[in-house]
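Below, chain A partners chain B and then partners chain C, in two separate complexes.
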Partner chain A sequence: MKKRDTFSTLHPSVEMLYFVWVLFITMFMMHPIVLATSLISAMVYAIYLKGAKAVKLQLFGVLPLMIITAVMNPLFNHAGVTTLFYLSNGNPITLEAVLYGVAASGMFGSVIVWFSCYNHIMTSDKFIYLFGRIIPALSLLLSMALRFVPKFSHQIKEVSKAQESIGRSVKDGNIMKRLIAGVRVLSITITWALENAVVTADSMKSRGYGLKGRTAYSLYKFDKRDKMVLLIFVIAALIFAASIISGKIYVRYYPSIRMNAEGALSILGYLAFLLFCNLPMILNIMEDITWRRLESKI
Partner chain B sequence: MATLRIENLTFRYPKSDKNALENINLDVRDGEFMLICGNSGCGKSTLLRHFKSVLTPYGERTGQVFINDKPLGEYSDREQASNIGFVMQHPDDQIVTDKVWHELAFGLESLGYDQTTMRLRVGEMASYFGIQNWFYKSVTELSGGQKQLLNLASIMAMNPQILILDEPTSQLDPIAASEFLNTVKKINTELGVTVIMTEHRLEEAFCIADRTVVMKNGKIELFDTPQEVSKKINIEEDVFKSLPASARMFRLIETNKSCDCPLTVRDGRNFINSLNLKGEKLESKENNAVNTEPVLELDECFFRYEKQGNDILKGVSLKAYKGEIFCLVGGNGTGKSTTLSIISGLNTPYRGKIKINGKVQKRFQARDYKIGALCQDPRTLFVKNTVLEDLKEITNDEKKLKDIIELMNIRELLGSHPFDLSGGEQQRTAIAKLLLTEPEILLLDEPTKGMDASFKEKFGSMLKNMTSKGISIIMVSHDVEFAAKYADRCGLFFDGTIISENEPRTFFAKNHFYTTAANRIARSVFENAVLTEEVVALCRKQRQGL
Partner chain C sequence: MIKRAFIILLSLLMAVMAVGCSTAANDTVFSGKVEIPENGIVSKSTFSKIKNDNSVLTLTGTDKNGIKYEWTVFGSDISDAKDTDMSVIVELYENESFKVTLNGDVDFNTVLSVYVPESWEALTATVFDVNYNSLCGASITTGTPSIINFSIKQGIKEYIVKGDEHKEAVVDYNNNPENQGDIDPQNTNEQDEYLSGSTTKLGEAGSVKISDGTRNEQDKYQTDPVPSGKQEPVNPEDQKVDESKKWHCTFSIECSTIFNNLGDLSSEKLDILPKDGVILKAVTVEFSAGESVFDVLQRVCRENNIHLEASWTPAYDSAYIEGIGNLYEFDCGQLSGWMFRVNGWYPNYGCSRYILQDGDVCEWRYTCDLGRDVGGGWIAGE
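Coming up: the complex of A and B.
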């Protein structure tokens, strides 16, 4: 069963904004604390959403990739002033390159995990809706394509079944024979699709397609909760942005490592980012608590 | 509100030497339910397409269509889009978008309504049609009946004054079809929408219409209330065959024209009872084939699609004999089509045996006998640009080709593209192609879907023709009337297995609901008469004896 997720019941624009910001920060900030926050939050959220499947992906997909990235960087990048040792071919391994590699692997890992969350939450409906706001014609086109593709592949299956029943199977004979049978099925299915397109076009015309001033129906409403969450987003993002711009959160890897000293403002920035990354989890936990209370009262 | 008037409409398709519509005069009153019937190709659909400018076919035309006394052409496209709703035959092809909610909103989006109005209209329609439970679904998950209901709902969301339906139930099974018709009737009576509908299955549609038009060769033959039409229509006419069973019985038995003609089973039963006939029982049909070795035998076959799934077939056992028609009837989703697929070898049962001529078939190996399977859409069989090329794909033997072409009567179709043929012609061509593979067993899935009554008769005699040549036919059908008339044996399929099986007379006499209209009308007098013709013959015999 699919886990219930509160975050995905928000307005699509809020969700999109969340992902854009979190991915942007993760991709362009190489700060270790920021990256660690991002990576851990993403992992926790992915596991919350998808359970064992997410653990599997992280262990066998993301982790090896991160290790490879971390090892590769110092092997090929020799910038930096602190030499640790020399390779047999005479190239130095530097502390800066090792640390940069670790940071880059953290960046890679968190981007992948965030994207797996994104895929889970931004369904085609939401995506089409958001794009429909920008380019209305495109959203209808996408929706029609999503209608057409399954219909077409279903028909291909039907035709090949029918052909199989008269001994013209796509599965029999040598490659050439199969190829010819396959092309034949495809060509007749295209004819079929064009035939049907005439009916579909009639159906569209008779429902007024092509009249001026087309609008788009939306399933989503921007409600008070969306406003609240958006406000928290903005505040957290602004605090974090402020601490970056004022140089309170800052890192430099080459030629030598320089990082900001931990002051009140930088800690505030970390906290703001931590809050931001974990907002979906916070929403979920809040709702879980509400439900536990509701159920225990019954 | 909406009235519709047609004055002297004549229409001819380009490059045709015959008028598709000839001098049509018709007026439809406000809020009326008008039924247009006639054989395939009589011009029904062409006429309907003249009620909406964007759908009007290209060709030579004289005469005019008026809506509320204003010519149709003077209405803007916007007015026509919202005021005249048009539902077509194929449920699947009319759906434009991928989600139910989007489809419902499609028309409103085109008309440019704002969000609040759209929400209201979509919500209203979803509630009225009971769509709220599948509102978020993909349209691919819907059944045929649900799809057609969605098409209707998405038209109704635009709040039309006139609703036009072109054979809307021809692709649906009987249960979905009657649900659909009831919804149309509800729209007509509760919302006062003027309805104009064409239909060839009149059993149910006939009695809910206010007035009926009978068309033939592009002309209006009769235009009156269903009551009068069923009294006036010539019994030699093709359309007569598709009238409700009770009306046909009345016309064939009763000579007194002043009585009311019964249109429903209830009225038909009262009519038969009023004749004071003696009870009689027909001999059950002899079936000698049953004593021979079966051609095909399924022995307790079990099948499911996935290991974790539910069993679709739960121990199906059936025998088919040489030269007989075996018909499986039963509801949707009970596993009838799946049974055909395990016979044809597309699927393999995980338990149970399939024997051909007494020989057990090995699993996952090609069947060592010839089987021809016709699925619901005959178009899936065609792969070439002309009918002749398509047939030649199977064999080049001139003599065989000639025989089959004669048998299926498709000589004049040879040059056409298979997709340009009408439904019945496609069906014939597909069967011709199957027969060229010289099957011993022919599997037919819903062969009578979308056929009109007079073609069904031709089709039935074609099947008989084939069985006389020794071919066995196994057929899956919702059409109990057809099964009763042509099958040698019938089986009722339910819950993955055959729960009753017999020759048609005994079979249908045992059922109370799943039986022909004629049987339901006359069963209190003639226990096992299942065909209108049988009931009529028995009545006539007794009356002449008096």
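Coming up: the complex of A and C.
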């Protein structure tokens, strides 16, 4: 049975806020401890959400990308005071550049994994619910664009199955025949995609999407549980922001590596960020425990 | 109930933030320019503040003759903060020299910049004590006023700064009897091919063509005509190195113009800024005949453990020096970067195309103003 994710039953605005903050921090902080926290939390959550599929993505998609990023940086960036060895063109490979590359790859990897979680949780109806009123045209466009790739690949499968059944399979015949069949499938799908976009936009318009006074049915209610979660979010985010602003969580890579000394406030900051990153997992575990308790009582 | 808890938590957070913000990170920072008061006394509190903050402070003053001077004080150099008279008296002498007398006891090493209200011809200067013992070199930022930067040693109160003899920058290798005698008769034919310029020992390692100023268009690497009497570029693919022939040159790397533009320097670079502005003191370097400035720079930096980053630029057929000692181009304003001069002339082509000669004086200088401040105004079109 597929696990039900508790976090995605929260109010969309809470979920959106969570992702905006966690992505913002991950993209702009190069601090190794913060990045490690973010990366590991993202991976754990992605695996919880999608299981073996997430493991596959992380091992064969994210990991090689991360390694490439980490290796690329010291090859092109030679700043830093600690020279490890020299390249054949005379430029140095420095410890600082190597470590910066590792940090950058951690950032890159965790952003990708967080986005895979985002795509799983922030479905387009949630997105439209949040932004449909404020920016109707843009949010429709965005949700269509975000949905495009999965929808397109699904349609390709459908079209090629249909073509196969009338004997134009991409798997049979010589290369020329296969090529023609493949191009036909692609052409049909692209035509469908273009038409589908126009039809979607038209049908939304004919239903009065974006007009003044139009209401939309939604199941979302901002209840007590959302309030509590939001409160914890805000507190954790504030503590973390305080330790960054005060310079207690701080790192510099060039020209020499400087990091904050571990003090009370910096450790508090790490813990706040750890709590923040893992809130969805904590919610899930709490829900599982409740469920089991209820089960045993019956 | 929940509301009250929320309010308590928020106020706690505010308190934590306030405590956190009061203590900043302990990096070297530039704490600005401070004018020295009339009586010259800079207070103890100023020194202990920069000492505690580990910051860099510029103290500016004007002596009784209206000559401007500037101290660059590193907080980390101050051992014992106390009220110190930082005023100086500058007496200008003839022939590009002056004497500086400190009024107070400056008991830490620092850098003094004197704004001499005349344009000095000298390329470098030497600092002497009252007994004419040479103490150290001084760098000159050209222009009017010329800025002379040199380091102040604790305990010495009087300094005499004298511009070094302005050596005739044009070295005519053909008039050099030593070179003349070396010219191989076999090479005379080759020499004839180069009608537009004279050469030294052409065809041999280290040979170069001296411009006679007749070339009047750019070459294929966009190099403007080389002024008459200066060395023409040698493209790296034509470079001939003779390992058996050992020559010597003087090499130095310095960045003291940064002291006069500290406000523009990216703050993280203050940590690695040498306190006397000298990355490499003038040293005599042995090199093989035919090696270019870039070859020697690369080797010298490696031997002295100085960081160097260069990128090959095919459009100029030369290496471009991006950073030395982790000081990069654009680190001190949009017009900053590294330039080199040989025997007082800034070549108008890259360092991989300048073949060093025996006895050359090669200096690498950091400019904060497209070369105008280090006497290489051609790059700015002057």
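Here are a few things to note about the model shown:
Please note the rule applied: the second predicted complex is superposed on the first by the 215 of 298 C-alpha atoms of A that agree within 3 Å, B and C clash if a C-alpha of one lies under 4 Å from a C-alpha of the other, contacts with A are read in each partner's own complex, and residues count from 1 in each chain.
In the analysis below, contacts are C-beta pairs under 8 Å (C-beta built on N, C-alpha and C of every residue); 3 or more make two chains touch, one makes a residue touch a chain.
Note that this is a predicted model, so its numbers are computed, not measured.
When both complexes are overlaid on chain A, the residue A:R184 reaches chain B alone and has no touch with chain C. Once chain A of one complex is fitted onto chain A of the other, the partner contacts of A:A162 are limited to chain B, with no touch recorded for chain C.
Contact with chain B, but none with chain C, is seen for A:K151 once the two complexes are overlaid on the shared chain.
In the superposition on chain A, A:V81 makes contact with chain C only, not with chain B.
Within the superposed three-chain model, A:N260 lies in touch with chain C and out of touch with chain B [touch as defined at top]. By the touch criterion defined above, A:G90 reaches chain C but does not reach chain B. More residues of chain A lie in contact with B than with the other chain of the pair chain B and chain C.
Note for the complex: chain C touches chain A at residues 6, 9, 13, 16-17, 19-25, 27, 268-269, 271-272, 298, 302, 305, 307-310, 312, 323, 326, 328. Only residues 52, 54-55, 77-78, 81-82, 84-86, 88, 90, 92-99, 101-102, 105-115, 118-119, 122, 138-140, 151, 154-155, 158, 344, 346, 371-373, 375, 377, 379-383, 393-394, 419, 433-434, 437, 443 of chain B touch chain A when the two sit together in their complex.
Interface residues of chain A, counted against chain B in their complex, comprise 125, 140, 143-144, 146-147, 150-151, 154-155, 158-159, 161-168, 184-185, 187-188, 191-192, 195-196, 199-200, 202-219.
Those residues of chain A that touch chain C in the complex are listed here as 78-81, 83, 86, 89-92, 94, 231, 235, 238-239, 242-243, 245-248, 250, 252, 254-256, 258, 260, 265, 268.
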